[in-house]
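Each chain carries a letter (A, B, C, D and E) given by its place in the written order, and its residues are counted from 1.
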Amino acid sequence: MGVEMGRERIPGFELEGRDEDGMDRGILTLSVGPQHPGSGHFRLIVKVDGDMIVEALPDPGYVHRGEEKMCEYRNYIQNIPHLERPMIADSCGILYPYVLAVEEICNIAVPERAKYIRVIMAEINRCIFELYWLGIYGIFLGHSTMFMWPMADRELLIDLAEMASGARVTHAYFVPGGVRNDLPDAFPEKAKRHLLYFKNRLKEYKDIFYDNPLFQARTVGVGILSKEDAINLGATGPVLRASGVEHDIRKVEPYDVYDELDFEVITMKEGDSFARAYVPWLEMYESVEIALQALEKMPSGPVRTKLGPNPKGAVGEAFKRVEAARGELAYYLVSDGNPKPYRVKLSVPSFREIPVMAHLLKGAKLADMPSIYWSMNYWPVEADR
Amino acid sequence: MATVSEFTFSNFVKSVLWLLFWILMIVSLIVLPIIFIVLFYVPPPVINGVEINPYLLLTMLINPQVGAPLIRPTIESLFFRITVFPGFTFAALFATVLIFAERKTLAKMQLRVGPYHAGREAFWWANSLGGFLQLIADLLKLLGKEIIVPSGADKPIFWAAPAVLIIAAAGLIALIPVAPGWVIADIDVSLLAVFALLGFFPLTVLLASYASNSKYPFIGGLRALYQLISYEIPLILAILPIVILASTLSLTGIVEAQYAYWFILFVPIGAFVFFVTALAELERIPFDLPEAESEIVAGWLTEYSGMAYGLIQLANYIKMYALSALFTTLFLGGWIGPEFLPSIEVFNVQVLSSSEVSSIFWFTIKTFGVALFMIIIRGTNPRVKIDVLLRAGWSKLIALAFINVFIAVALLYVGVVGIGP
Amino acid sequence: MSQQGQADTDQLIVEKEVVDKVTARFGEKVKVAYVKPRRIRFNVSKDHIIDLARFVRDELGFDHPISVAGVDYPKNKMIDVVYHVGSCTNERYRSFVLAFAVQLDRDDPVMPTLTPVYRGVEYHERETFEMLGVIFEGHPRLERLLLPEDWADIPPLRKDFHIKGREE
Amino acid sequence: MLLFGVVASVPALIVAKMIAPRRRFFNPVKFMPMECGQVPTGEGRTRFMMQYYSYVLMFVVFDVMTIFLYAWGASLFALPRAVTLPIIIFLAILGAALGYAMYLSARRDIW
Amino acid sequence: MGSVSGMLRTLASGSKHLAIKRFTLRYPEQKLKFVGDGYQFDPKEGVGIAGYRGRHILYHDKCTGCQLCSIACEGIAEAISMVKVDKQYKQNKKGIMPQIDYGKCVFCGLCVDACPFYALFMTDDYELAAYTKEHLIYTPDQLAVKPKYQGTYEIKIDELGAYHDE
């Protein structure tokens, strides 16, 4: 089938000239969320005229828990468990820049092996997250099989993460100065087996999901984000790369050992929902490759610099960013010389996608809402922090 | 009086027992006297020259052999046909099996187990059913839930919609021939009646959604209306070649016309179009946008809860059975297949002949196969968009259906099929 | 950080280049707070922040807004609003994060919005507005974002707001 | 069958109504229409126009036309061969009209 | 034509999985196998020893009642409180030991990192469900018991896909 809609998309006809509530002119205000199967803990006030979305106003804040304020009351180590709560599906990714920033503030050196372990865990977590995301993308488009398969295959990688860190979801594995514990002896072999199997499984996703003409009809040409808009609106991660911007923190500003590993930055030119869904799938291949390479290259040695119980930071500030699964995740850490941070600011990718989402939803069809919304990689819990 | 929040199992059992007590009271004090009075005045029915009176029924309890000659006349009676065999009970049972098959098949496709635990610890025999009791549990759950009618709803329409849907679906099964002579309403223009009954659904859905006084059902109802009416024309056009080839509008006649070759061999395009449109009429997964949960919550079903929702779902599955059966009847030769099963005899009196048993078997197997294919389609496809759907329905499917008509006419004139003019 | 120490001696040349360009254009209006490897921070008054933002976006290619952070300094009676921007188009400055900060009076924190320059900071500014009480003039939609609708306390990220049970 | 549909479905509703827990006290929030946890704003039933109104118009016309074809299809054997040509012409006109309607409906977005 | 072949490939991929082994772990009957006895920490080296982070185990003969675990937990979950124990140990003059509320614990294991005397480790027992909140509070005596966890299943991979097997 494909998209044969020859007509042009209406660029959001304006609300002017209509009544205050818009009811008389047939404009319906739907509040999608917070109790909506397709929203998460988040509200999207959508004004529809027939099948067209006239205006979409994102309204986050339903799961705000003041992580930034909480950080000011806890010391650098105690912040670790609660900082990964905003994004437990990618708990290594959200902790990574914090750990890097604390290392810079407190001036802690990291052993070489720990850097490799961090990269392996970060990449495994990226796959875990992207599978979770992909499964929900499947069920958003009504594809129940695509919901179940990634959830099952995710288990393979969660098993690896659990073997290394001891917890299945909230690993709390990275600490300033390395990682909590060394990998078990059986880990490299098991990791290779699982990762290679997982790489084969990825092809099945293409068969049933990406090559499915009905899926393509729903996503190709939907919600096109131009390169200029993507940059100016501050999009990150797969959303930015799907619009043709080759921007990956692992390449532009390599942290830990990413500059010693060989991988490619995935970009696509189209900038539509399909590209945004396809980029993570390609990135999973790269992640598996990176993890396998890191397993090969990993040296032996210590994994953690011994640390006092209450490390104090120097006066100053640090701004560290990494490429988490959803995009560029940055921590802005201000220290006043106490064992507790003076101010921690999380610049999370989900929060940065909100204006992009509002921009793309305007003028789209109501049926395109799930495919645009979820292709944004938007996680309400992470955005609210 | 216990409040809802203090729900305990003992309270539940108590309320069920209390209900049973009242039912028994009402039955013994009111219903039984009425029955006796009616029996006193109404002459008992006569089947096969035997008067069926209470004495005979009691005799049959002791000596079932007396009843054996009466079985065949009974099952040939209209009442039995409507209630039990080709009628409601059979369809409901088929729908139940379909629900279970759907859950198990989808689970297998998705690397899951599916219903598995229900009743496993309570009953030893539940082990062999592999979770089939889950359906009973679901039924009980639906029965035990409060039916919430939203304030401002149009109550009569809101309550009537599930019943109307069941009635329309039941009307469909009345037209489908299961075996030679086994059809409830054998009318000459049964195909047109099928179209008329299919036209009921969009209207009911729209009314139900409008009656809910809520936004999501309203959008869902409109979508259902657009989708159902758009796919009705390809559906009608896809069947036209069958009518041309069989030269009759009666479903029984169409099946009999396929004694040698199934029509799917001549008009595969028509079969494809019919299958797709049947999926759309059923609102099943590639076309379930009236219930698209990620966009409009549950579409026109949003405000329905409890048994009202259950009945709508039952109507949907009965409709699924009816459309699969229609596909079988129109394209797969209905009941036609080799005779190989023995006849069924009770006390040496033949109840169903060998050919009838085989026919029923073939019909059931084919229908189940078609339904299973619908389930597999559900497992592999996402939902489509309404504009794509309407566009495809009106341009591609109608074009295919027209081609299909020309193929049928050409086949006829070339002389491949039919008698030819 | 050890890894950065070695490789960035030559990198700092590029950073100096950015600083030179900015100081050549703005002179005394912009103060350089620090130049670290890949990180540069300018302090600017609120009158010139839009000019500075336009300049770094158009001339230097820092076109990718990353974050807006507000920091409360009750001792100095000021609120620091820090904009972090990165670059997506300029290959040379790609790994840099440029920060420019405005020091505002703590009792009357008003500053112009940067949404005309970077559309992406709209929600970051809204967050800073409700978390620190900074008012962005000309912002298209300066409303409650994350906090409950009936929030009547002081902005929570100010230092004189304490979490219940943890007043120290 | 119609009667039986009533007989089968109505008792289910009645039994469900009997078994199911009933409201002990009136809770207005519970009986609000679904609006994703928000207090509903505006009417549920409004004048609301989908963009696909053209398809409904087309349905009204072509549904009747297609049913006419059945009269022809069912009696094709009884008709002489020469009658088929006018029907083909009728189909062509039908198809052309349909194509034109599709073309128009694609050009207009709002009805 | 591309869409037709895509549709067929989709169907084939879906129906192929009717023959592939199920992945599901039937939990109460089958339990996962873990590495080691649980997460432990070596304060001399300053690194942990890999293992599952389930409920804690407390060695009474090593605990000195120094409260470090409780202090560490204060900023995280506030799950650990020090309580008096009846028995007297010579290394534990104050006679206090940690009591853990598993309704609050987040199983981060930082209390284990904080313990300098090898007294508090974690085990691979994660089945802590209880009917009341009070049952979730584990006293020092309960924490001293070594749990029995028999998980034998792990993920196997062969040509028929991944599945859980003994």
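The definition used in the following text is that contacts are C-beta pairs under 8 Å (C-beta built on N, C-alpha and C of every residue); 3 or more make two chains touch, one makes a residue touch a chain.
As the structure is a computational prediction, the values presented were derived from the model and not from experiment.
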Handout entry: Pieces of the assembly without chain A, by contact
Key = B, D, E | C
Practice task
When you average C-alpha coordinates per chain, which one falls nearest the overall C-alpha average? Tell me, please.
Solution key: A
Exercise for the section: Average the CA atoms of each chain to get its centre, and name the chain whose centre is farthest from that of chain B. Expected result: C
Practice task
Could you tell me the distance, in whole angstrom, between the mean C-alpha positions of chain B and chain D?
Solution key: 19
Handout entry: Chain centre separation (chain C, chain E; CA means) in Å
Key = 42
Practice task
Could you please state the distance in Å, as a whole number, between where the Cα atoms of chain B are centred and where those of chain E are centred?
Solution key: 50
Fill in the blank from the handout: For chain C, residue numbers touching 2 or more other chains are none
Completion exercise
Expected list for chain B, residues touching two or more other chains, is 109-112, 215-216, 219, 297, 379-381, 386-387, 391
Practice task
Two or more other chains in contact with one residue: find those residues in chain A.
Solution key: 1, 28, 36, 51, 73, 145, 152, 208, 212, 214
Problem - chain E-facing residues of chain B, complex - result: 105, 108-113, 116, 376-377, 379-381
Completion exercise
In their shared complex, chain A is touched by residues of chain C numbered 1-3, 38-39, 63-67, 69, 71-72, 82, 84, 86, 88-89, 94-95, 97, 99, 118-124, 127, 131, 144-148, 156-157, 161, 163, 166, 168
Problem - In the complex, chain B residues that touch chain D - result: 1, 3-4, 7, 15-16, 19, 82-83, 87-88, 92, 142-153, 159, 162-163, 166-171, 173-174, 184-185, 191-192, 195, 210, 212-219, 222-223, 225-226, 229-230, 232-233, 236-237, 240-241, 243-244, 247-249, 297, 302-303, 306-308, 310-311, 386-387, 390-391, 394-395, 398, 402, 405, 409, 412-413, 418-419, 421
Exercise for the section: Note which residues of chain B are touching chain A in the complex, please. Expected result: 106, 109-112, 215-216, 219, 285-286, 288-289, 292-298, 378-388, 391-392, 396
Problem - chain D to chain B touching residues, read off their complex - result: 1-2, 4-6, 8-10, 12-13, 15-24, 28, 30-36, 40, 42-46, 48, 50-52, 55-56, 58-59, 62-63, 66-67, 69-70, 73-77, 79-81, 84, 91, 95, 98, 102, 106
